[in-house]
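Structures given as structure tokens follow.
In the two assemblies presented below, chain A is common to both, partnered first by chain B and then by chain C.
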Partner chain A sequence: MRKISFGQMTVILFISRIFYSLTFVPFMYSDVTCQVIGFAISTAIECLAVIPAIILYKKHPDKNLCQIAYEKSKLCGILISVAFAFAAVLIINRLLRFFGYFMYVTFPDFLPSWVVISAIAVISFYAAFQGIEAISRSAGLTFAFFIVSFVIVIAALSTKMSYSNVMFDYPEISDISHEVFNELSKFSELLLFPILYPYVKEKAGKSIYGAIALKLIFVYVITTVCVLTLGSYLNISKFPFFDLGTYAETFIIERLDAFLLPAWILVAFIKAALFMFIGKIALSTSFKRTKANVYLLILSVAALAASLAAVLQEKWNFPVWDKVVVTILILVLGVLLPLVYCFGKGDESETE
Partner chain B sequence: MFTALERVMKVKRNRIGFKRIFVIAVCVLFIFSLCSCNSTGRYAKRDIDEKIIVHALGIDITKDGKFEVTLQMLSQQGAGSNTPIDPSKPNSAAISQVADTIPAAIERCETDLGKRAFLGHSELILLGKSVVDLEPILDYVINAEGISLGTFMAYTDITAKEILNIKITSGAYSAEVLKEIFEESQKYGTSTECELIRHIDNLENTNGTTIMPIIKKIKDDKKSSEEKENSSSEINFGQSKSDSSGTEAENEKVKTESGEESGSDSSSKEDSSSKEDSSSKQDESSKSDSSSKSQSESGGGEESGSGGGESGGGSSEEAEATAFYIDGAVIVKNRKPYSVMTRDEVIGLSFLNNDIAEQVIDVKLGDILTGVTAGSVDKNTKVSVKNNRIVVDIRLVISYEFYKSYTKEEQKTAGEKADERIYNFCDKAIKKVLKEDNADLFEIHSLLNHNDYKLYKEYKKNPEEVLKMVDINVSIDSQI
Partner chain C sequence: MEKKTVVKVNENNYETALIAKSLKQAVLDLKIISGKTMDLNIMEVEISEHKCAVVSIEGMASTASMAELVFRPLMEFDVKGYATEEDVFNFLTKQSLLSAERKILTTYGEVFLTLFSGFAVVFIDGCDKCVAFGIQGFDKRSIEEPTSDGNLNGSHEGFIETIRTNISLIRRRLKTPKLRFDMQQIGNDSKTDVCVAYITDKAPQGVIDKVKENLNKIDLDTIITTGYVEPFLQGKHKSLFSNVLATDRPDSFCAKLNEGRVGVLVDGVPLALICPSLFIENFQTIDDYVNKPFYTTYIRWIKYLAFFLAIALPGICVAIATNHPEILTHKFLINLSASEEVTPYSFFFEAIIITIMYELMREAGIRLPKAIGGAVSIVGALIIGDAAVSSSLVSAPLLIIIGLTATASFVIPNLNPQTSVFRMLFILAGGFGGLFGITLCFAFMLINISALENYGVPYNAPLSPFTFKAMRDVVTRPSFLKLGRTKTIVENLNGAKKI
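The block that comes next holds the complex of A and B.
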């Protein structure tokens, strides 16, 4: 098994998480104060939620959650593998639809959304086919590109920021809880970690905390820049982060959204590839007779077909059940099951 | 033995390499075929010459309440093949169309040209004085594809069509020149901030209040000397040029004095003719006369109501205006033009909002008139509640520079006189904005939000009442 470093793991988890913050910052649903508080609370919960998975990693550093479950009970192992694959399909579907919507809104005459998401699905399939090493290398490049484009945009916007754009509001408990739930429903990296940790050479536990810390920093930076620059326009903006790009200008280039778009596409591709990969790993753990790449193909086709069905009909609104089911799957597969399996004896190669 | 093993390994590696190349090739082919399989209808491939890059968008309201949209675009005749600009030809062309809605009018322009309009590079959205309601315009520009948040949005004292039809042979293109005028004026405080995002922010926070600068055209010397005789004029914002019924009842008639402080060429002939007739507010015949005059004077030369037709290419000699200037600003309340600020008031407002980079103030030292450059360095604002009044203390730190070497005493005297002038500007702005128009252009909402949340809540409920309670005190700390 080819392993990746602690830094690569941190980067892939961060890249996977940041996708939602780029594509969808729903200021239009709650005010900035609630968002800021919500981010802090959800991050604290996320830090607690990863503890069972980290304990599991310490006890079984070379086995993922599906392997551990399969060894204890075949039926449980199969069920958990299928649940992981189902969650992966749902998350890829969600991601492709988000991206399709983003392209539909921001570049309506450029290419049909279904072409864009199909292309992303194909590339992601290829990356997942190549394995975690290929994904992590691409993630490294994506991270570097993202940071560079982000810094350029912020530097270009620095003269346009004003403290008078900040409007505070007394936060309501209901708004904050709504925000926390929203944030947690996006934390699908809880699903990635129990499957991916055997691929990390060392310090896998620290990598997820690193990713959470990076996410928190970036989300706060993005929020601060958005608020200082866009002011109340945030209330009506669909993609505030993208609007930063359209508003930013240097003395050479009039708008910098072109800098952000490639970073965006790369982030979407990495996230889709990661979930295809964990789906493949989960299924191949329990169903060993068939080649793992066949599962990869099935998962990719299923996710793409589901998103194409929605995108072709231009159905952009997600049903409530989708969010609820994804959140439940994240909590069950990412928190509850690791908690169940972290009790008991560990492997010989248990880490300190 | 060893070499045989090496060969086997090499063949195996080659196979893996071929397999990888094959998969990549399949992926690339698949993506290319995806991109080319949908090349009709909305997503039809368009070369750059099949698109019109719109640089400025003009919006007027016709007498029957329809939108007349003018698109200013790059004229290819004005751009040589070897040189970027052919100065002998005008570098912009404009097309206008009339329809019930803005998108419909733009669509008509597109069908007239046989090309699709790309608005992503628009630098300016110009509103004619006949624009009564900003709501449909904002709805369009916020949701339109690609319009940048940094696009400037301003009013003109005539029609947007006239301004955008004026041919300019200098500068990259006409809209860019217009944008530069706004930027320079903003630097000197004679124009307020007019980026689209600032308008949206103001309108969202202040229950539909914002301020938009007014751009006017300077005519040739002969005409401008005639105009100088008429130093003040009346401009009716929110009235269609030849509109004799409809909208005037709901709009205030407002007055602007344009010549007094600016020293620049004053308003256009039609304005002065309208001034002559303006003693009776409802004298519509004068407006009709003036509008027909401006129609014939304008480079476009098409009748507002009829719309249509590209005006550009080689008709540069028709253009009579040589430049533009900013004079005053329109206060928008409840998303409708409400009143007009003079140049002095705008300068005062710019000082108070710390939006000014520098402004040359004329002061008299003995018998000599001299210019003092005032640059706004810093602004300190305090909010307090005294005797049921909201007191906003604004302390401006202003630095002065002189064009001549003076003694310390003379510098002090000049500084004091410049202070007086700036106090005067600020007083005028406060009186106009706060006392007369009761408009929130001093970011009162933001100050209350940051300093007194209870008052801010009150403000959100009833901004008009809270604004009546506001007093602004200005103090200037001058640095020589």
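The block that comes next holds the complex of A and C.
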């Protein structure tokens, strides 16, 4: 099996996590105090939620969750594999639709949204086809590019930040809980980890904590920059992070969204590729007769078709059930099942 | 060896056929096999009352050496005391020093291989073996300055077409017994000498074995250039980039061998292949290790910028001018708009036309003789630079962009094929998809590079997977006081697998 390093795993989990962080900060219902508290609580819950998967990894370092389930019971293995594939399709669908919406809102006269999501799906398919090593190496370079562009944008905004933009309010418990749920529903890396940990050479457990820590630092930085720069404009901004780029200006170019857009697209395609990859691995674990890349093609086409069906009708709002189903799948596949299987007898090999 | 009858030997079954004992039959066999080719010289002589024949290929063996090293000692040889043909054979092989290189041959296959390598072969009547003497004397190019990888301060010697001269150029620079050259013949018809070079305690044994295994898989009739061998060394990954580095510089070749790489030399080609290679090595030249580190560091960053400009600048400009003009400053936008107003076509279409014209000029400049090649540059400069702008066919800003792009692409000659193709892809992506298209094209390139690995080493190492120590020679160029202490063996890079 081709292996990746602990650092690469951290980076791919972080890249996958920040896709939604780049699209957040709708302060319509929640003020900055709620968000800051919400991020901290959700991060603490995330740290606890990954413990079963980490125990499972320590017991079975060379087998993913689907393999473990399949060895215990074929039927369970098949059901879990299908559930993983379904979750992967749902998450890719959400990602593609979200991206289509972003392009529709920010560049309305530009490419049609169906072209945008189809192109991202094709490139992601190509990346997933090349395997986890290619994805992780691309993610490493994307990470570097992302950090550089983010730093450039922040540096360009430094003169526009003002403490007068900060507005604190007394936090409502309901708003905080809403924020926590919102954050947890985006924690799809809980699905990636139980499938990807056999690909990590060592310290796979630490990699997910590393990714969570990086994400927390990043969301606090982005929130601070957004608040200090955009102020009350945050209440009406659909994509505050992107607006930062639009607002940033240098003596060479008028707006720096040109830096953020590529970073965002790269992050999106890495995330989509990762979920296509885990869907393929999950299905090929239980259905061994067909070639794994056939599953990859099926998953990609299914996710793209679902997205196209919504995008062509310009149905941009995600139904509530979509978020609920994804959250349930994350909890069941990422927390509950690892918890169930970590009580079984482990493999002999040592990892950390 | 499988015994085969020597009767009715012909051009199809000669390779393992044993040499006839009778000289008359052997000479006849040689004529049949070669189809009485005019360049086969057979000189029948008598030594110690034994009939012998000295066979050579015209133009391949040195006539002066043949006269001095073969004919004269043979003719001066006293017959008395040597009764049998076996004694003559023993004299030739054991008691004389006719040439530094001497081989005993038993089959016609070996005879023709050595003949075509410039040896003279002596047949003795009544003896089913013959002796070959290395007296190669074919014309060859003298050692000259490398043409594709020029430098200012390093060595000015380049590889030539003769493999043995190239081996001597390497051996002169690495005087260690750990440097090994393993020669083999590849090509069913051409029997081209292909040499695998490595340093035993630096190159991983797995890589050496894999390279040899890959070479043995080559089932081609001829090996004319390194391009015939390269795909077999590259592995199964389909990529626009090549993970086998080609160099015409012996000093670069030796530096890579010292880093644990395995080199492949092909007879008849003034290039050597190095595997595995890294993407980042396309930006490194031998001058980097001659100049002061601060200057090299600066130039390296210029080269990275040059690569970016060479592939993406026209595409990004097309994307911004066509789809995202709001990014530009007002003054820039006004100037661009004014220059574009007078041209009949869109910025996007102009970029395609100028890029194609540039590629035409470049290709013509390469293929034509040097004297006329210069004329092409003048015509190109006149047509593109003056006439196209003055006739308002293209705008002046675009011309500056393409000119800058072309200059940037010359900075990294190793990546010229890739930059040419990606430049056009980026223009198309930028024109149709704006910055979104550019990013997707970049993502495709990223995956294409990231998926590539050779002999267990990722092509984009040490960037990703990141190796801190090796990155010192990527973002900077440390002094040899530091560089010399750290062995940058590719096998030690993060992500590299032992094979």
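As a convention for this text, the second predicted complex is superposed on the first by the 350 of 352 C-alpha atoms of A that agree within 3 Å, B and C clash if a C-alpha of one lies under 4 Å from a C-alpha of the other, contacts with A are read in each partner's own complex, and residues count from 1 in each chain.
Keep this in mind: contacts are C-beta pairs under 8 Å (C-beta built on N, C-alpha and C of every residue); 3 or more make two chains touch, one makes a residue touch a chain.
Just so you know, these numbers come straight off a predicted model, no measurement behind them.
Bringing the complexes onto one copy of chain A puts chain B in a clash with chain C. In the superposition on chain A, the chain among chain B and chain C reaching more residues of chain A is C. Applying the stated contact rule after C-alpha superposition, one finds that A:L230 touches chain B and leaves chain C untouched. In the overlay built on the shared chain, the residue A:G131 is in contact with chain C alone; chain B does not reach it.
Within the superposed three-chain model, A:I265 lies in touch with chain C and out of touch with chain B [touch as defined at top]. Once the two complexes are laid over each other on the shared chain, residue contacts for A:T142 go to chain C alone; chain B is not touched.
Judged by the touch definition given at the top, the superposed model places A:G7 against chain C, while chain B stays out of reach. With both structures placed on the common chain, the touch criterion links A:E254 to chain B and to chain C.
In the superposition on the C-alpha atoms of chain A, the part of chain A touched by chain B in one complex and by chain C in the other spans residues 110-111, 115, 119, 123, 126, 254-255.
Chain B contributes residues 23-24, 27, 30-31, 34-35, 37-38, 42-43, 116, 120-121, 142, 145-146, 148-150, 197, 200-201, 204-205, 443, 445-446, 449-450, 453 to its touches with chain A in the complex. Against chain B, in their complex, chain A makes its touches with residues 108-112, 115, 118-119, 122-123, 125-126, 129, 164-168, 170, 230-233, 235-236, 243, 246-247, 249, 254-255.
Contact residues on chain A toward chain C in their complex (touch as defined above): 4-5, 7-8, 103, 107, 110-111, 115-116, 119-120, 123, 126-127, 130-131, 133-142, 144, 251-255, 257-258, 261-262, 265-266, 269. Of all residues in chain C, those touching chain A in their complex are 320, 323-324, 326-330, 432-440, 442-444, 446-447, 450-451, 453, 458, 460, 463-466, 494-495.
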